[in-house]
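Below is one structure, written out as structure tokens, with a few remarks after it.
Going by the order they are written in, the chains are A, B, C and D; count residues from 1 in each one.
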Amino acid sequence: MSSDILEGRDAAARAVADIPDGATVLIGGFGPAGQPLELIDALSRHGARDLTVVNNNAGNGDYGLAALLKTGHVRKMICSFPRQSDSWVFDDLYRSGRLELEVVPQGNLAERMRAAGAGIGGFFTPTSVGTPLAEGKEERTIDGKDYVLEYPLHGDYALVKAHRSDRMGNLVYRKTARNFGPVMATAASTTIAQVNDVVATGELDPEVIVTPSIYVDKVVLTS
Amino acid sequence: MSSPLEKTPLSKDGIAKLIADDIPTGSFVNLGIGQPTLVADHLDLERGVVLHTENGMLGMGRAAVGDEIDPDLINAGKVPVVETPGASYFHHADSFAMMRGGHLDVCVLGAFQVSVTGDLANWHTGAADAIPAVGGAMDLAMGAKDTYVMMTLFSKDGSAKLVEKCTYPLTGVACVSRVYTDHGVFEITPDGVRARSTYGATLDELRERTGLDLLD
Amino acid sequence: MSSDILEGRDAAARAVADIPDGATVLIGGFGPAGQPLELIDALSRHGARDLTVVNNNAGNGDYGLAALLKTGHVRKMICSFPRQSDSWVFDDLYRSGRLELEVVPQGNLAERMRAAGAGIGGFFTPTSVGTPLAEGKEERTIDGKDYVLEYPLHGDYALVKAHRSDRMGNLVYRKTARNFGPVMATAASTTIAQVNDVVATGELDPEVIVTPSIYVDKVVLTS
Amino acid sequence: MSSPLEKTPLSKDGIAKLIADDIPTGSFVNLGIGQPTLVADHLDLERGVVLHTENGMLGMGRAAVGDEIDPDLINAGKVPVVETPGASYFHHADSFAMMRGGHLDVCVLGAFQVSVTGDLANWHTGAADAIPAVGGAMDLAMGAKDTYVMMTLFSKDGSAKLVEKCTYPLTGVACVSRVYTDHGVFEITPDGVRARSTYGATLDELRERTGLDLLD
């Protein structure tokens, strides 16, 4: 179905309003680049509880994802690199046992979401073979090389940041802020994108669209 | 059955129009090669239905004519087409990820046979000397949220193509949700096959000719 | 390593000159769109024997891939849709037992090459479950859905057609001629691209490059 | 050992220069966060070495300064960088496919420990209260054609970091091909560890301090 374009002061709040308790939410960004700050803040205010959040990191400082964690509404983080110099919010919650953590190698994290979006039921990856992160997982030698079986990682919602959208919801990104956005958009049942700019349909070159509108449910124009 | 008895079987165009009318506003749709492409002629573009073609495009338009013809812009049947506003291009792995991942709302396929449990046979007659060629049929059949079949209800020799169990090699298992034919529209449900409407035959006549326990 | 740019009359011949007997060659194109005709013709003249060729189809008319098949140097075709109204060259070779055929559903074909390029050892796909094309393959039910295990499909060489290259070998494509090119470029040990146009490095927008130069070994400028 | 005995251990910059000099012309290279980023300072850009950063870019340039700083253009260490001519951007799944698929020629990583068979430990000290954080280290270690390690040969307590068997949790098995340290460069070969050169110590001294049977 085609995308809704939401504008105005409470657009982000309206976009996340139906995220229920217990949802798995994929949140784009690698560090600050590509982090959909307005959507994350709206989710923090929305108050849905018992969330599972997937992001490469686990928040910086006291803003964005860190502020969401601080609400206490996140039950579990799935990420590749939670520990950072300024991840004190996460560190405190984790050490005090109030936040569950699943650490996934960054490439397996991306590939698991790619598999979810692509209808793949599981895949054999060489990453993490022989390490503690492969413990308890099925291993197999294929053509003389060792692999671990990983499963898709679906989201109920994806919150991503893109640079520009057209009115159908086709997205383009900017530089390394692209990162997880296009993959997460394919892996969630409902994808909400915040963008800096919405142009008329037909104004984006069909050759350069990175996320086709089929993957985008709501677009929030931020200023 | 909510619709009244129609006196004559539907034409191909009649079937195509029925399917087009049933496709929800704003859907992403793949029309298989052959007869299903007729559905495009009956889609009201104002309703924002977006066509996918397996060879890497969303927002496919009508067949190209004259100067519009561009050998780099073709559909799955290798026919030159035009692009519509909001179109996008992507490579084959992304295109089939889109299908397989369940992102298309509807796909419409032709068929040799459909079983009462939604099994589809449309790629191979099973003849010993036939050259097998499957293309994207198996991916489409399994991938879309709803797979509609468009076919005649009976083959040239009079045998039903809606069957208890397919005898031709399968394309996909339990993948068809609705079957549009010249003699009726059939829903594949957990309880069995429900006839939504019939054309040029009564439901009892179709039960007799198909040998199936069609639900009302 | 960076790409060689080959220009001039015998550029295609030089590009394919080291393809050995017995090679697996991935050839881009969906029907005529994206078919690297000059490279295929050069391969036909080159004379390497006992080839395995991967293409969506199996040649049209008497040109391009059909002409390559006619040389008798192709031992096996791996494709999704060999039979076409004008595939008489293939039909004749196949029926007379002079050409081996492996039919792969189109999405599995693309995904197997994607897996080869992405270092995935195998993947579970729902496509072909319960059909003759899944016979003899490992099946598994994951989260209540049935899948077949498919393995990567590597190429020794990929011959692809792109629209434009820069001098490093970054590629952009044109419309539906993109099709298998980007996937095949990742799946082969050596990728040769024929292009209509070569521009200075830096002239392609980094946001719109479809095949990064890392996947391209030789670029042949055709006119 | 072909090179003459050097009198003093190498500085970090000295190690970085050695690595940079060993990277072949035209290579695609990933430099891990931390010390390995120093290698970039010694790469002769005329040789066409292209830097990959895991967060979706080929053709990464030096650190950005002043007006060049763009929050949308950062490296794996989240430091603003510039782009070079011929750069390209791609999403995370494509970026890690590029690594895992063996397309990068060289990656340079830091390490806590490397074993004589090339096992790498660089992501976790194994301390009970440490928060695990792996990032892209496991993907990088397994993915590149050659994985070089850049580290000091001895930890602060004097124990060797080149070891018979890693005691820290592994990042990857048999993935390291060469180890660059302040006291020597070591090749991991099927026959064992070969010392290519030593700095500030003789090979016999290093054999004694590491307890390893280092080959000449």
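We take it that a residue touches a chain if its C-beta (ideal position, glycine included) is under 8 Å from a C-beta of that chain, and two chains touch if they have at least 3 such contacts.
Only a predicted model underlies this, so the values are computations on that prediction, with no experimental measurement involved.
**Q** Within the chain touch network, how many edges lie on the shortest path between chain B and chain C?
**A** 1
**Q** Spelling it out: a chain qualifies if it touches chain A and also touches chain B; which chains qualify?
**A** In this structure, the chains that contact chain B and also chain A are C.
**Q** Quick check: more C-beta contact pairs at A-D or at C-D?
**A** A-D
**Q** Report the inter-chain centroid distance for chain A and chain D in whole angstrom, where each centroid is the mean of the CA atoms.
**A** 29
**Q** How many angstrom lie between the centres of chain C and chain D, each centre taken as the mean Cα position?
**A** Taking the mean C-alpha position of each chain, the two centres sit 35 Å apart.
**Q** So, what's the distance in Å between the C-alpha centres of chain C and chain A?
**A** Taking the average C-alpha coordinate of chain A and of chain C, the gap between them is 33 Å.
**Q** Report the inter-centroid distance (CA atoms only) between chain B and chain D in whole Å.
**A** Those two chain centres are 54 Å apart.
**Q** Where in chain A do residues touch at least two different other chains?
**A** Within chain A, the residues that touch at least two other chains are 111, 114, 118-120, 125-126, 173-175, 206-207.
**Q** Tell me, which residues of chain D touch at least two other chains?
**A** In chain D, 57, 83, 89-90, 96-97, 99-100, 142-143 touch at least two other chains.
**Q** Touch graph across the chains, line, ring, star, complete or other?
**A** other
**Q** For this entry, which pairs of chains touch?
**A** Pairs flagged as touching, ordered by label: A-B, A-C, A-D, B-C, C-D.
**Q** Which part of chain A faces chain C closely enough to touch in the complex?
**A** 111, 115, 118-126, 140, 142-143, 145, 147, 151, 172-175, 205-208
**Q** Across the complex, what residues on chain D touch chain A?
**A** On the chain D side, the touching residues are 53-57, 70-75, 78, 83, 89-93, 95-97, 99-100, 119, 124, 129, 131-139, 142-143, 169-173.
**Q** Can you check the complex and tell me which residues of chain C touch chain B?
**A** 30-34, 56, 80-84, 90-91, 94-95, 101, 103-108, 110-111, 113-114, 125-133, 146, 173-183, 210
**Q** Would you pull the chain D residues touching chain C in the complex into a rising list?
**A** 24, 26-28, 48, 50, 52, 57-59, 83, 85-90, 96-105, 142-143
**Q** Can you name the residues of chain A that touch chain B in the complex?
**A** Where chain A meets chain B, its residues are 1-2, 114, 116-120, 166-168, 170, 186, 201-202, 204, 206-207, 209, 212-215.
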